[in-house]
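Look at the two complexes coming up: chain A is in both, with chain B in one and chain C in the other.
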Partner chain A sequence: MRLASAIAMLVTAALMGAAPPARAQTSEESVKATFVSRFISFVTWPPIEGDAANAPVTLCVIGAEPFANELERVVSDQRINGRPFDVRRIAEPASAARCNAVYVVGARVEDTLRAVRGRPVLTITDGAAGDDARGIIHFVIVDRRVRFHIDDARAAEGGLFMSSRLLSLGVSVRRRPAS
Partner chain B sequence: MKWRPRFRFDRDFAFIGALIVLALGLVIGVINESAVSDRKLRELDTEAKILAQSVVASVMFSDQVAARESALAFSQNPEVDAVGVYEQGGALIASFSREGAEALPPRPTARASAYRGGFLETIRTVERDGQTYGHVYLRLRREPLLARLGRYTPLALLVLMTALVLAVAGAAQGALKRAYAQLEQKAADLEAANSSLKGEIDQRKSAEEALVQSRKMEAIGQLTGGVAHDFNNLLMVVSGGLRMLTRHDDPERRRNIMEAMQQAVERGAGLTRQLLSFARRQPVELQTISVAARINGMRSLLERSLRADILLDINIPEDLPPVSTDPGQLELAVLNLCVNARDAMQKGGVITISARLGSRLRTVEVLVRDTGAGIPPEILSRIFEPYFTTKPLGQGTGLGLSQVYGFAQQSGGEARIESQVGFGTTVILSLPISSEQLSAPSPNPLPVAIEDRSRHVLVVEDDDQVASTVCSMFEDLGHQTTRASSAEEALSALQRNHAFDLVFSDIVMPGGQNGIELARELERIAPNLPVLLTTGYSGHEDVDPGRPVLRKPYEIGDLREALFKVLNRRAAA
Partner chain C sequence: MESGRRSGLIAGSAAVLAGVLLAGAAMPAEAQTQSNDALETELDALSLEQLSEVEVTSVSGSAQPVGEAPAAIYVITSDDIERGGIRSIPGALRLAPNLQVARIDASTFGVTARGFNQSSGTANKLLVLMDGRIVYTPLFSGVFWDEQNAIMEDLDRIEVVSGPGGSLWGSNAVNGVINIVSRNAHETQGLLVTGGASDAAQALGVRYGARFGDAGAVRVYGLGLRRAVNEPAEWRNMQAGFRADWGDARDALTLQGDVYTGDQDQLPGQFSDTTISGGNILGRWTRRFSDASAFQVQAYVDRTQRHISSGIRADVDAAAIDAQYNFSLGSAHQIVLGAGARVTSDTFTPGPGTVFLDPDSRTLQTYNVFAQDTVTLSPSLELIAGLKLENNSYSGLEYMPSARLAWRPDPNALVWAAVSRAVRTPSRFDKDLINGVTFTGGPDFTSEEVVAYELGYRAQPDDRFWYSISAYYNVYDDLRTVEGTTAFVFPLQVRNGMHGETYGIEAWGSYAVTDWWRLNAGLWLLEKDLALDAGSTDVFGVGFAGNDPDVQASLRSLMDFGERTQFDLAIRYVGDLPSPSVPSYVGVDARIGYRVTDRLELSIAGYNLLDEGHVEFINPSLPPRETSRSFFISARWRS
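This part shows the complex of A and B:
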């Protein structure tokens, strides 16, 4: 617990600078929420017919209410290429297929991953939360910092394209098969 | 005064041209440097952009390791002095700076790319899809001043060389101009020097003329003194003789006195002849003569002229070829030389007269050598000048050697003198060998037959005394005379009486016609009437050729001879 608190403080300090760590527990959540919102910049979805150019980016959260709240807070005033974010709390893994990205923790991880496999959905799992199953992006804590593994092969299955800039930051990267 | 413009186009133009080239070089350098600076700034911007791009993911995901790697990647560029990567909140998440480099700014404050000190620095936002996530700071080292200057070395050299060439060309042009001006000045100086030299030459010439004139005056003084002295002596003899004739009745004594008087008159005549000869007025009568005969014939005359302490040695080969010369003048020259030699030997000595074939072809040289005092070299060059004499006033006319010189010249030969002080003097007369045979030695005896007849002579003479003497001479010769004192009188006498056989006229007569004009007039009106002219002056070169002229002074024998020639010619015609 002390360790987590210290990590949270450091990360908060790194992200917010002089901003005081108001809620230590949510700070790690906050970092992850920020990261999630930022992953969108480095992922290219296959074009979807009928989608407007300024259609909101749909971020779905399964089994993590606090995180959803935090994510909502982070993206509330953010836009990406003019597109706003739409944070949805969903219960059914099958529903995740309609999302651009889905953050899933807990019991529904594997179901969700199975449900969106082969679909253009950026799956984000969280090793820091104790889950072993990995989505395209899998958070971990390395050197008291939030880092992530990337499974580009899985991304390729869904037709997603991961920016090399993002790939270069992965703790590990599972490469997509050479085309 | 020449107008000299203050603006010397050539030189100043070169100077201004050099300045312009320098200024242009400077401007080009500055423009180029500013362009380089701008480019550097743009490069800095680009670098910063690349940096921002490369660290965008690292910043967004707070990956300090990746950010640091990106920053280190920029350190490969040696110009990069410092790199900083800041998160949105301002925290520095990665940095790189060279050893001794200035610290990075603690917080990024957006600013434009700019030079600061020896560096260029910029701060750029890290953006992704329109969102700002942080900042990057990039600081480049400015190129060292020397390196920057080094870049302009070729340009600077080129500009300097051009300016130098222009300046040198201008200077050379200026120097050329100056040299030309100096040359002009020198030419002007030379001209001035030349004209002043000319002036000096003129001055010198007039000074020389003045000197000649003064010498002439001095010479005339000498001459006058000498002639006066000689004539006084002669007049002494004549006047003394006349006085003695009135007192003595002894015929023997009277004959001696008259002989002395006659000699005095002859010497006077010789003196005037000598004077005329020096004035080169005496016409030369060239004859072919034997030098040996002529000079040997002079022995008694010469011995009488010398003193007892002087030995005369005449040594002339008889077989020398005859020469062409005036015998009278030759005798006079030899006499003059002997008298000079005598005067040069105050303590006695030997005069040697010799002759030989000349060193020059076809000449005979007559040498008169004495053992006298000799002549100093400084005088030797003047010795042949007319009127030059070393003798005291009244003892010489200064015409002796001048006569020798003039006579030699007129004969077509030359005279030269060799002398050594203390040993004596030798005068050498060089005379041309005659191409003719020897002339008859003496004039023909006059045929008496022609003149046994009495003639009626019209004597035209303005001087009463001379007229009386001449009339007496004609009467002595058995002729009858009528006297006219002028040409006009003679013509009127002729008109009255046509019985004249001869007109005997003086040439110089005061007023009206002179003798020559009278003779021409007579030739026109009475072509058969013989005319004999006479004169004491030799200047009448305008006497018609062939017309006989009897020169004064003459004796009765001369008159008879001339009369014979005139009448004989007339008879022959």
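This part shows the complex of A and C:
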């Protein structure tokens, strides 16, 4: 009797699960690295004088060696508007001011955010790494998927523009002040 | 003759006390990190939108960041809970190597840290919070675990701190703090159906989550449980609830609530049937001013009702409000200031011929203020000093200070040391329990006190391996005793006639043998040296303060075979208990999980595979009840 009800329940659940197609699981790191490489297309940096049109896009990583390796692999053959990527592992938050984007986790998060505040640096933090402090993009895991919060107000402080397509994907978006 | 009669009376009183003090029992009643080229190419081809729909498995989920608080903290992750095939909160707590969890019967558990477990399920030196709501009862300062339920998939984590947490959390955080944290509603979207069955238990939970507006999300859920351990004794519980979260980078709002009802049939000739019901609602608002500054205010109301067919009724209403402000002062100080108030109002209706509380209804108030300063002494050295002042209706002003030192000799290691004081404030049963001429409450009972000295080391030498080891020396004073007041012993009175020390070691670690195989191990050692004060006329002896093993050890093996199959094995050893005597036991659990599709997972788990059954804990007023071998088939489907 009890066994029958248990089996009925399993069968029902199995039927419900049969419909959607199976999809392989992927590592969190590679999805995030792909995201970081992709964000660059959807963010506009203020023009920097003397910067060559084919200067590399500098992606900096603080406190996450495995992520830096993955990011390096993801961007190895990629160009964006003719510009290659340059992945740099840096240790000092102050050095982040020279990056186009910085992915930072761990103990240096708050120092890094402070060091580049108001500068044209796309700060990327990671709630899934256990950090609370948020950069412009803040990764989180939602229902086993990599998602992110967006702080467009902070992006505005540094003169960055984020495309509406990117904004529409934010789990939450802190809007920039109306100008 | 007289001494025989006297010991008979004492035994009788012990039974009454055990039955009520102890009404707890009476009333009860990896991750796939392979960089597969095909997969990566596939990722490159995906649009941003598609990328955000790719399911991942988390590596970080199993690691304990070294940067955590300088305390003996173990975090039970949602991954641990899912893989453990866990279906109850006490079941999840078994995963924490710094807790003692002993099952008494279908719905009653003894849960404590660093000893002082109570065979009747009334351990009283832990502070337990669910999403910031205090869940221990003012009746006896313990937790009715049968009232604490949740859909396990909706839990984010359970933080278990052993050792005092009074300076931040307040009274009752004497031997530890358990913080049960549910997921943000943004993280529980879509439909989840989870359930399972064994020959003695069934469970079913359904949750649905949706978004609203720009930045809001909500989930609603319902769950039902049925468990028969010693038929006809059976426990049934139904619960429903919701959680709504709204937030942007500046403000976050949470509103959540639960209602539940449950009942337990007892064995004929034992305590009578018990019915429980209750509900709570909680709101929380957080504003972030900057990365280092935030304000939070939280308030809740909570009602619990417990009725026994013999006539005993215990109803408790609680309401609380807490506010907290963090900010930096210069570059070296990170300050937290807070204040809070909690009011409980209870009514205890005695059954015919049972003990009663005098007065039968009481409103208790607790007010507190606290401050904590994290001082950066050098880039690698931090001092955290805190003090909580709390005023309660019974014992007045209590002070709970702590000082913690954290030294990071390198980024992957933490050495910490702490000295802290915490108290357990008097409960209704300590103060107001009356039984005719034999028992006259505890008019002079004051708070129990601990001063704890702790030393710990935590390190993560590489990505594969992390561990934590800590040692403590706890000095207790004014522990509860039940004392004779005359040459004829009676009436008995609750007093603070015991003192002593405990010391022990809590260690755990995790090692990834390969990408698909992880081992977790834990070791727990406890020595107690308790004594009665000079002049104490205690009738029960120091053994009454707690029934604890002196060793516990655990080993878990977690294996992933490909992307779909998991095989986990857990072995647990718990040393023997002195009184009531329970032999040591080894429990072996195994689980196989199989992902049929991305949305559907099936599993089969076997518990206590080594023997037909064993006793974990004996409530002196009930016959011993075995936890028996069982198999549980379950299914989980997500949209």
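Going forward, the second predicted complex is superposed on the first by the 153 of 179 C-alpha atoms of A that agree within 3 Å, B and C clash if a C-alpha of one lies under 4 Å from a C-alpha of the other, contacts with A are read in each partner's own complex, and residues count from 1 in each chain.
Definition applied: a residue touches a chain if its C-beta (ideal position, glycine included) is under 8 Å from a C-beta of that chain, and two chains touch if they have at least 3 such contacts.
Fair warning: this is a prediction, and the values are worked out from it, not measured in the lab.
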Chain B versus chain C as contact partner of A:166, first or second or both or neither: both
First (chain B), second (chain C), both or neither touched by A:82: first
Residue contacts on chain A - larger count, chain B or chain C: C
Touching partner for A:113 - first (chain B), second (chain C), both, neither: second
Partner chain(s) touched by A:174 [first = chain B, second = chain C, both, neither]: second
Overlap of chain C and chain B interfaces on chain A (superposed complexes): 13-14, 16-18, 31, 35, 38, 42, 145-147, 165-166, 169
For the chain A and chain B complex, residues of the former touching the latter: 11, 13-19, 31, 35, 38, 41-42, 78-82, 145-148, 163, 165-166, 168-169
Parts of chain C lying in touch with chain A, wherever the complex brings them together: 31-35, 39-40, 43-44, 46, 48-49, 51-60, 65, 67, 186-190, 193, 195-197, 199, 202, 204, 214-215, 247-250, 291-292, 411, 463, 563, 596-600, 602, 633, 635-638
Residue ranges of chain B in contact with chain A within the complex: 54, 56-58, 60-63, 66, 87-91, 93, 128-131, 133
Chain A to chain C touching residues, read off their complex: 2-3, 5-6, 9-10, 13-14, 16-18, 20-31, 34-35, 38, 42, 66, 70, 73-74, 106-107, 110, 113-114, 128-130, 133-134, 140-147, 149, 151, 153-154, 165-166, 169, 171-175
